[in-house]
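As written, the chains take the letters A, B, C and D, and residue 1 is the first residue of each chain.
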Amino acid sequence: MILPDKTTSMAEAIARIPDGATIMLGGFGVPGTAFAMIRELVRQGQKGLTIIKNDANEQGMGVDHLLANGQVRKLIVTHIGLNPRAVSMFNDGRIEVEFCAQGILAERVRAGGAGLKGILTDIAMETEIGAGKPRVVVNGETVMLETALRADVALLHADRADPFGNLTFTATARNFNPLMAMAADRVIAEAENIVPLGELPPDQVHTPGPFVDHVVPLTEISEEYQVVRR
Amino acid sequence: MILPDKTTSMAEAIARIPDGATIMLGGFGVPGTAFAMIRELVRQGQKGLTIIKNDANEQGMGVDHLLANGQVRKLIVTHIGLNPRAVSMFNDGRIEVEFCAQGILAERVRAGGAGLKGILTDIAMETEIGAGKPRVVVNGETVMLETALRADVALLHADRADPFGNLTFTATARNFNPLMAMAADRVIAEAENIVPLGELPPDQVHTPGPFVDHVVPLTEISEEYQVVRR
Amino acid sequence: MSAADRPDAKTRMLARAAREIAPGMVVNLGIGLPQQVVNRLASDFPVCLHTENGLTGIGPVQPHAKADRNLIDAGGAYVSTIPGSAFFDSATSFALVRSGRLDLTMLGAFEVAQNGDLANWKIPGKFSPGAGGGIELAQKAARVVVLSTHTDRAGNPKLLDRCTLPLTARACVNRIFTDLAVIDVTPQGFALVELADGTTVNEVQEATGAPLTLPQDIPTF
Amino acid sequence: MSAADRPDAKTRMLARAAREIAPGMVVNLGIGLPQQVVNRLASDFPVCLHTENGLTGIGPVQPHAKADRNLIDAGGAYVSTIPGSAFFDSATSFALVRSGRLDLTMLGAFEVAQNGDLANWKIPGKFSPGAGGGIELAQKAARVVVLSTHTDRAGNPKLLDRCTLPLTARACVNRIFTDLAVIDVTPQGFALVELADGTTVNEVQEATGAPLTLPQDIPTF
């Protein structure tokens, strides 16, 4: 038995995304954001997108290009404070924004990836974020139902990938990537390094290949991936 | 800043377990079962234990010693078919057994470890396992509530550990170990190899040290860890 | 090939079941008969085998002398890795199953009903070891096929009008491979697809506890 | 030490807050003032710093030339590892927070109420960036302390009878460090614990929007 090759060109992989798609994007700030695939999404111009991501990057980077190009209908995020364009588009009603507590966003995505329907939590119950969400009693305690999230597509940024789609992430670039890898119908991973099958030690794989549909080799690392001056 | 040393002798670590404790035990069959700590638990003789584990091992191994010694009140498991003693004690009413679907046991443990109150699933709803469990409607679909599981103590078997409690597991010995590492008030890991702080690459740690309370070095690998003849 | 040289029905059933696996699939082979299908796959066949105790990319079973004490499949066999294998925890393993990444599972059965209900984990009063990972495999694999003898040891049908034993999952089985036939579960009930060479339609119908619909042509295996 | 040589109140507040960290703790330092506490910890002090984007064992902030583009803390600073660091995903990171493994978090505040309610993420109509990981830190850390100026830029109290802004979490704050005082949240409301050197009880009470209970002795910092 051998494992199949899922290497795909970036243009071809991104072309599978239709208008109106819901897209999960890994990344927390710069690390782990699939900047190159976002650029390709801007080039192809799919409209009406719902983006599920920790944050909206900063102005001039990543998700901001999609916002500037009018491709985004809705953001499901934990924080957009570093992107004034996202804040002002939200304030002006040009995009819809759904805020989640960060760890609950992670769990909702993971629940979708684990084939669960939802999770029960006491987080943010007594805040604006929890207002209006259904209550459920568990062992006598009233807690809140958060629904599982799934997406049409997940766009991941990996450090290393083999052709079957086994992935490893590096340092704090891991963040939401392995969770989103489980939670989308089509999972596309760009990778800084493509290594031969068998080079990733099986104990060290962060995302097992069966979750991944397309492996996209990065031919160069763009400026957005570099150290940001602040 | 430096990270504290959590190395503890086996006798001392196991002595923290009181009668009547709920104990999570990693392992799926032989791999990942903390045989040495189970032996110590038999030696110390704590009674009335609730054991949460994938299976009841085989006769003459692991959990079977606890059963033979009359220390177990209840098993929460997915399968006990390889241990005739467990089956007969269950049939005779000498122990209580709660069966879970395997992946749902994993998720209930993980939910406890993630500070969630429960999960919502459609698994096993229409089987005996699902009979009587509460139903919840999510987006118009009726699904089942499974409560989170936590334990007083988790006993893990790691391949490598550093003194701060960062752990790696090997091959299929990983199974329930990293999930249970998150889900108990006191987490004790026996390790085949204790390595100096800094020797485990941060990207390759399976269980981060903050989840672990005690690291117990194994001085020898007992027969139970060896290849079993079938 | 003369009758004497012909492989027995079980061997032909395993070979036929192996053809159910399409290139590129992710497949879980249940304990027992299904696990024997792996020996019918060519060494260069592109398929990813999954075992629920935490491995994708199962490699060949190892002899005792070469076995790794930490590397087993869910049935306890000492297996191995292949280039591209990955290990993971039990939660991730079933995330793969429940989120639709498992293309096919092959399972054993005590009973299969004509609506696809499966019973394979409990015989009240006799056998109640727990279902392990079977419920999720049956309920969530994209395609569920059963490998089983057509009748039990006493000669009673295992393919029934409706199951009498506690269910593993409802309406989950797509296809059944037995020593007598290949049978599909359809909205109209059991449909005969293929016959074991040397078996007649009447023999299959008599060994089956529910009506069979018949195709125009009946290939043999 | 003459008044001219004395470090300013903010510097002393940070040094005092650093003493809140006991050996062996797992600690999350929020964005802003709290992150500056790290510079007050001795290099051999046994503590594990956690950042919610996926790291335990945070090491020193790196200069631009030595920064790793993939290694930041939740505030975006280029940090480093120390022996025993571990990286993990966002779900595991908050599992650690929610399951009780975080001994202490230090957070900034817009408002703290005398019952421990905290508001630090939203000013309706002016500032609504989302709470990030702040809600879980405030709600689930075993101990929550706030580091803040005692009053806002306009001189209005930030310690109040009750919060006027949307809450981050209810009844979560245990202790507050300001440039004027250390104040505990008790069942009886705010309790003065320590005074900044050179500040009077009256000054603190006037800058506080709820009554203070006073100790017998009032140490200074």
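Just so it is clear, contacts are C-beta pairs under 8 Å (C-beta built on N, C-alpha and C of every residue); 3 or more make two chains touch, one makes a residue touch a chain.
Going by UniProt, the chains are A, B = CoA transferase subunit A; C, D = CoA-transferase subunit beta.
Model, not experiment: these values are computed from the prediction.
Graph distance from chain A to chain C, where chains that touch are one step apart, equals 1. The greater number of contacting C-beta pairs, out of the two interfaces B-D and A-D, is seen for A-D. Averaging Cα coordinates per chain places chain B and chain D 36 Å apart. For this pair, chain B with chain C, the centres built from the Cα atoms lie 30 Å apart.
One simple way to say how far apart two chains are is to compare their mean CA positions; for chain C and chain D this gives 58 Å. Within chain D, contacts with two or more other chains are made by residues 55, 87-88, 91, 94-95, 97-98, 140.
Taken residue by residue, chain B touches two or more other chains at 107, 110, 114-116, 121-122, 170-171, 174, 202-203, whereas all remaining positions touch fewer. Interchain contacts give a graph that is no line, ring or star and is not complete, per the touch definition above. Chain pairs recorded as touching, per the definition above, are A-B, A-C, A-D, B-C, B-D. Interface of chain B with chain C (complex): residues 28-32, 54-55, 77-82, 87, 90-91, 97, 99, 101-107, 109-110, 121-124, 126-129, 159, 170-179, 206, 225-230. Contact residues on chain C toward chain A in their complex (touch as defined above): 23-24, 26, 38, 41, 43-50, 55-59, 81-88, 91-92, 94-102, 140. Taken together, the chain C residues at the contact with chain B in this complex read 51-55, 64, 67-74, 76, 78, 87-91, 93-95, 97-98, 122, 128-133, 135-136, 139-140, 166-170. Considering their complex, residues 1-4, 110, 112-116, 162-164, 166, 182-183, 185, 196-198, 200, 202-203, 205, 208-211 of chain A touch chain C.
Of all the residues in chain A, the ones that touch chain B in their complex are 107, 111, 114-122, 136, 138-139, 141, 143, 145, 147-148, 168-171, 174, 202-204.
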